[in-house]
């Protein structure tokens, strides 16, 4: 998607500048992994015009393989973003109807070819929410991946403006059967899968470790996931959040440390966690390291402008190994 | 429309800044006239969100009455713009499907009320091109205006991406019956009304005075217009244009002087001419002054960033009366 | 006033950019109320040049009625502003001598006409401090308002560079007789009216609830105000403030919750409180809601660049009803 | 003066950025000469605040001696500037009433000390136009300079908003008796000294060589100047000017070549000519070289943003010696 | 190289912003060809730090294959650039000593592997000028290319700050034996190969068609090139150039049309010509089309900021086929 | 050095803008002292090009005497900087090989003349680390200063990328014999002089008052310093630090208050402390005031963009005397 953010911390249209970058759930994960040195391909549809090309160029600059992107349709989906500050929340206004990806037909992507040679397939709950054709296409992708023994990860990523909880439940319940690694926050689990963390009230920042354990376990058991990760955000204000995560794997619960983050740009935080998790699991890090790496990675994302997590493995490792002091690196 | 232009003379997406302003055919005319001190109302539909509000605020800042604007629908139409330079043409990419105005129904505007007390009604050929409902609505507006004895002006403004010449002809031929003042360029007249200037080849910059006279006369006679104005642009390059106009009125032809313009921003040039023409006719200037005022006004527009012509009557008069020397005004 | 703020968090003139916007006590209140959907007119004097026009355009963009603004005099008052950070305080340098408003004569404004049909009249202590003519004019306005049964509110807003405490006392004591709703901070009450909060030391951040109650009560009783509101700021640093307020009405004291604000731009905070208070009182909210609305509104102002509080009633309500978590609004 | 120019080629207040730099007649000459490696001191009065300090810092950065600048008064004079383009003229709006320099008393500057050791004294007609005290002070400076045998140059620089032609004539006629080197354009000579170039019509761009010769000769003879220089501008548009000059010295006339300039920023063009002339005369270049150097210097100024001519002697020499081809200097 | 250009048309360090992009002879050619849809790899050495990575990302965004770039050494070469205007020439200040590429040893690149499967090898005279090791390495590349029957093109690109004409002659004379396609301007031919166009004086803009024919023929005959292209620039000023080219092929001379260009950014103009030439020859266009395509491509480059020619084949074709009118593309 | 910082809080090269300013250890101290009204000269070597000149202009703007700066060599050293945020540390990438100062020979500076009339000589440990010639030159400077009875201060400022601890120890141990006032942080003392604070672990933020006392005392005794100052930084994150200092003088220990700083730009913090210390000692403030002044000064530096501490004595005094509340200064 084309992300148009008001510049200079202004409210949208307070002055006449918009910062134009690109982003979106799966794209953010792809860029993160490319920054970690992985071979990643991003699959979507973009129009045959300068805006579609700019989206591709943006992904390519990080080394993401864009050769599977279809060039068709009329427009790139847009979202307008405004950074929050203190008690004023960040704001996102979607303008993505009729986007190329939302108008592809269900056979547009030849998953058998696309996934040839792949070792991991990642999708988010946003994609099937965009159209019925995409529901079908994601299902096809999952089936193709399963046949090829490709590990499948899914970030539930519930968006209330795209579909109802009922529709989300119906679709995602089915897709979850293919998913090996599930990523969720407490809201997703409840809204999409109907699994609620006990004693949790997000707005008030009351988060219960036990609740999360129970949610993760239930997801894991119900859908047969090998790993379930849940991010734990406590919003103190738009400027200050606590951020941690839990990984449920092989019957055990692994909690990351909690970071008190002074936020620069919070959008894409969840995606950067997903990418860190995939990186850790793919490289077979011990479970504790996996959740630590993913959490440190996404902690850093909150300090970076734009959807993309512009950090290296070394930078994540530095933080993960305990240096959050922010001393100058010379 | 929301106009997103690449900043700093860059190509689109060359850097990450877009200049976000508002504009569009009739809006540009409204702002011009408000800048001349006229009471103007702009009628359209805009969504009930921050982007729609910003469009309204932009118009209000010039004193345009926005109280008749409907707040409904999903999105503000967008166009991406890139300034040309020398042999590189300016580029405009439209993204206006599903805009609020394109999705209104044919009875959305209550023209009888809206036009109550008005003395002039202006529309462009872009509006009926957007939807069948708008074709109906514009017709209703014309009928209501005629009943109230309101002067009607129309800028043909053919846009090939919106409709075919056939569809344009069918619609505009009918609407032209209500039009008192017609504004066109040589391309519009040919594409919309099928009236071609003899011996004119726009791309090659060959423009014939006689051809224009013939076109204007034919429009006037065929549709019974009181006045027909034709703009005469010679594109030397994206940076340099010659610009003049002709007014056909009461059987006579009035040619403005021709300006050699070093262009800053060419979009909205035609609209600024239309506004100047309306101003002159409304204030019953002599015909030669009318075309001189309109041409000087639009000459100045080419030197101003954005769709809107940010000039006063005094500034237009200064140029119209012969001072194009550009000496510093202290 | 024209507000020229150093860009990018720089000290003044550290680089060569100034952010030029408009603002000032009463203007800020007017814009806030217009943003809440109220019909508001702003009355001042501005020169007949591009700068005066830009000030008007800025107000008009929010829908403020500017038709009563006089166009005369030589200049728009200017203030240079520099944002503070941590231990470095914000800085304001005034350059407003000879401004149009400071040079009007005492009969420039025809209050009887201007206030015709109005329901509320608001002024601040800054205006009578600018000239003797304005002292007279504000008095005339109060008298005219009283005759028309218009509610009068006044924000004391003491500015030590404009007048001495003695001169302020003399003028404001008289004007306060007309005032129905008084807005003050602890410093104003002491400096302007000679009423000191016991046990309060602003610089050290020691604020006493009892002291404020006593101050409000004394103002209310001495001048017969229907309502007295006092803002309670605790400056931890230029970046962090606690912000709350108290409303004294019908013999009772209503305290808002206290917000810990991470500040973006603090100038205009008091004015945004005044506007929120007027909104609440005008719409006859219960007293507790009034002070809660006003405090939440001004809390949000601290997160927004510029003098104006660019928020809607909905956004204030959201915060007032308890969601200060800053979670992204999608 | 503080110069506030609209950024990005916009009209004033079209967006919210102003480019804040410093400039003004004599300051511009001082900076030019400092850039040529001369020891120069600039004498003025500036307020004891951040704005006055910034003005000093700006001059100091070029190596101008600012130790004689008085720190007193209330404000720095301001001018708002807007760049012209094509047929739209540049615009300058002065806001310099009550500036520190305009409010000094006639004995504020101790010229005897200030001029101690100096070899050249330059002033413009703007300074005595600001106040009666400055008329006296400039006269005192001239007398002190004459006693010390210091060469005196004056740029007539008529500003119609500051004084009438009558007042200018009265004052400058007297001051001209001390002047060794007079700099003027055709308008100055006529407006200030009542000496009109025959057959010259500035707005129409008709310039007569003979007329200029006659004007220079008459100035030289009437006031006993050793050298009289007249700049010859032909404004084709705000973007394109022809620029040349003539020097009358020792009874001979020396014409520079004429440059066709594509203008970037025209303000300060005359001052840069004055500085080039002083440089040439002070270094006793042959008369033809003097006018060639001064004209080339000021030609380059038109290509540079801001009042100051940021060029070196080498750069002027390169152009003066005939390379105006603009080939890249690597 | 890292290109640091003063922003906003300012002189270097006039304000505190530098526009940081990447460029350089061969890189520019690579990006142009990638923009035309060709598979291109760029070979160089860059340090293992954020700056080297940014250079790679910049190339990757256009789809250039960067997998052969060595990551070693200490720094990225830098050049500071300042745009000229009218009589003020553009300025380039090199700071490229100790750059990674300048410090590689002669065996750093394994040309046999790198060129495997390639069809074209392009280099410029800048590379062997950087070090003796690079002289050796380029020779090795040419030998390897010849063995693989790869077409070799060379842009002479003489840089006087890098080597003397003697050293250039010695090196390039040898390398030219391998070259199939030679690109030069009149200065290169003379300075590098000692072949002077008769009757040509570049600074004065006197260019002789016959002289160019003779130079091209002599190059072709002396070194056995299949094609020799010479660009013909007439610098009217830094803002206005005439630009054309001649191709000598199979004993015939093909002249492109001449473009009068209003320049936006002239750096990289020659490289964009080279890329256009390679594109045309590689796709076996007729010789006249080859030179027309290359000239139109580089004409467009002059209108684009930065070293890279951000145009598509379609855009070049549009201009090449005669539409230089700059009319808006909607 | 030329400091190139990514703009807008971005990571380096995230967008195409770099903020170009100047700075560096001794330069920062010089500017601070000039801002306090002291006569300061800065001694270095800079190339004879626009970049060297810009460095000089930058220093001159603050009133620093630059007449002793040598103009020779090839380049200005560069450092790229990226601001940290929260858990993401600030990053500095040096590119200073071959800088003019690093390539001067050991007799380039004539210290006897340069120090003539001086009362204080300050250097940092960075300078001798750059080359052997500079080791010699600094020693010569110290000897010359000692002979002239000039007070010598040294900020140890260890940079691990410039030299090993062994080389630093060898050089600095000798130079320290001349030093009257030593400035260090806990890391410097250990790395350069081999003196370790007991019980201190910087990364973990554990700082022991006793440890610092012991370190300072040992430095003082070993090298005969009259005063030893140690800064005490606790990095909570890149955004939040605690900052304090201790002065050891005449056998006593003076601790400043500790500031909790919300950081804007941390680079140059140590230098601003050094300048404050020199100011206090030079003006013979009581020891407690000296350390309080220096700490308050450097606290403010952390709130200011760029290497230079742009504050006045009055501003430091205001904070030092207890007003860190950040209330607006009107």
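As written, the chains take the letters A, B, C, D, E and F, and residue 1 is the first residue of each chain.
Everything below uses one rule, namely that a residue touches a chain if its C-beta (ideal position, glycine included) is under 8 Å from a C-beta of that chain, and two chains touch if they have at least 3 such contacts.
Just so it is clear, the structure is predicted and the values come from calculations on it, not from any experiment.
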Under the touch definition above, the chains in contact with both chain B and chain D are A, C, E, F
Touching both chain C and chain E: give me those chains, sorted by label.
-> A, B, D, F
Fit chain A onto chain C over the CA trace and report the rotation angle, somewhere between 0 and 180 degrees, nearest 5.
-> 120
Of all chains present, which has the mean Cα position farthest from that of chain C?
-> E
Pick same or different for copies chain E and chain F, depending on whether their interface residues overlap by over half.
-> same
Rounded to the nearest whole Å, what is the centre-to-centre distance of chain A and chain D, using the mean of the C-alpha atoms as each centre?
-> 62
Just how far, in Å, is the C-alpha centre of chain F from the one of chain C?
-> 44
Would you give the residues of chain B that are in contact with at least 2 other chains, written as numbers and ranges?
-> 7-8, 11, 16, 57, 91
Treating touching as the only link between chains, describe the layout with one word: line, ring, star, complete or other.
-> complete
So in the complex, which bits of chain B are touching chain F?
-> 15-16
List of chain B residues in touch with chain A within their complex | 4, 7, 11-13, 16-21, 49-51, 54, 57, 74-75, 78, 80, 82, 91, 93, 95, 97-98
Seen from chain D, its contact residues with chain E in the complex are 7-8, 259-264, 296, 299-300, 302-306, 310-311, 315, 318-319, 322-330
Residue positions on chain E within touch of chain A in the complex are 57-58, 60-63
Interfacial residue positions of chain C with respect to chain F in the complex = 8-11, 14, 84-92, 94, 159-161, 202-205, 235-241, 266-267
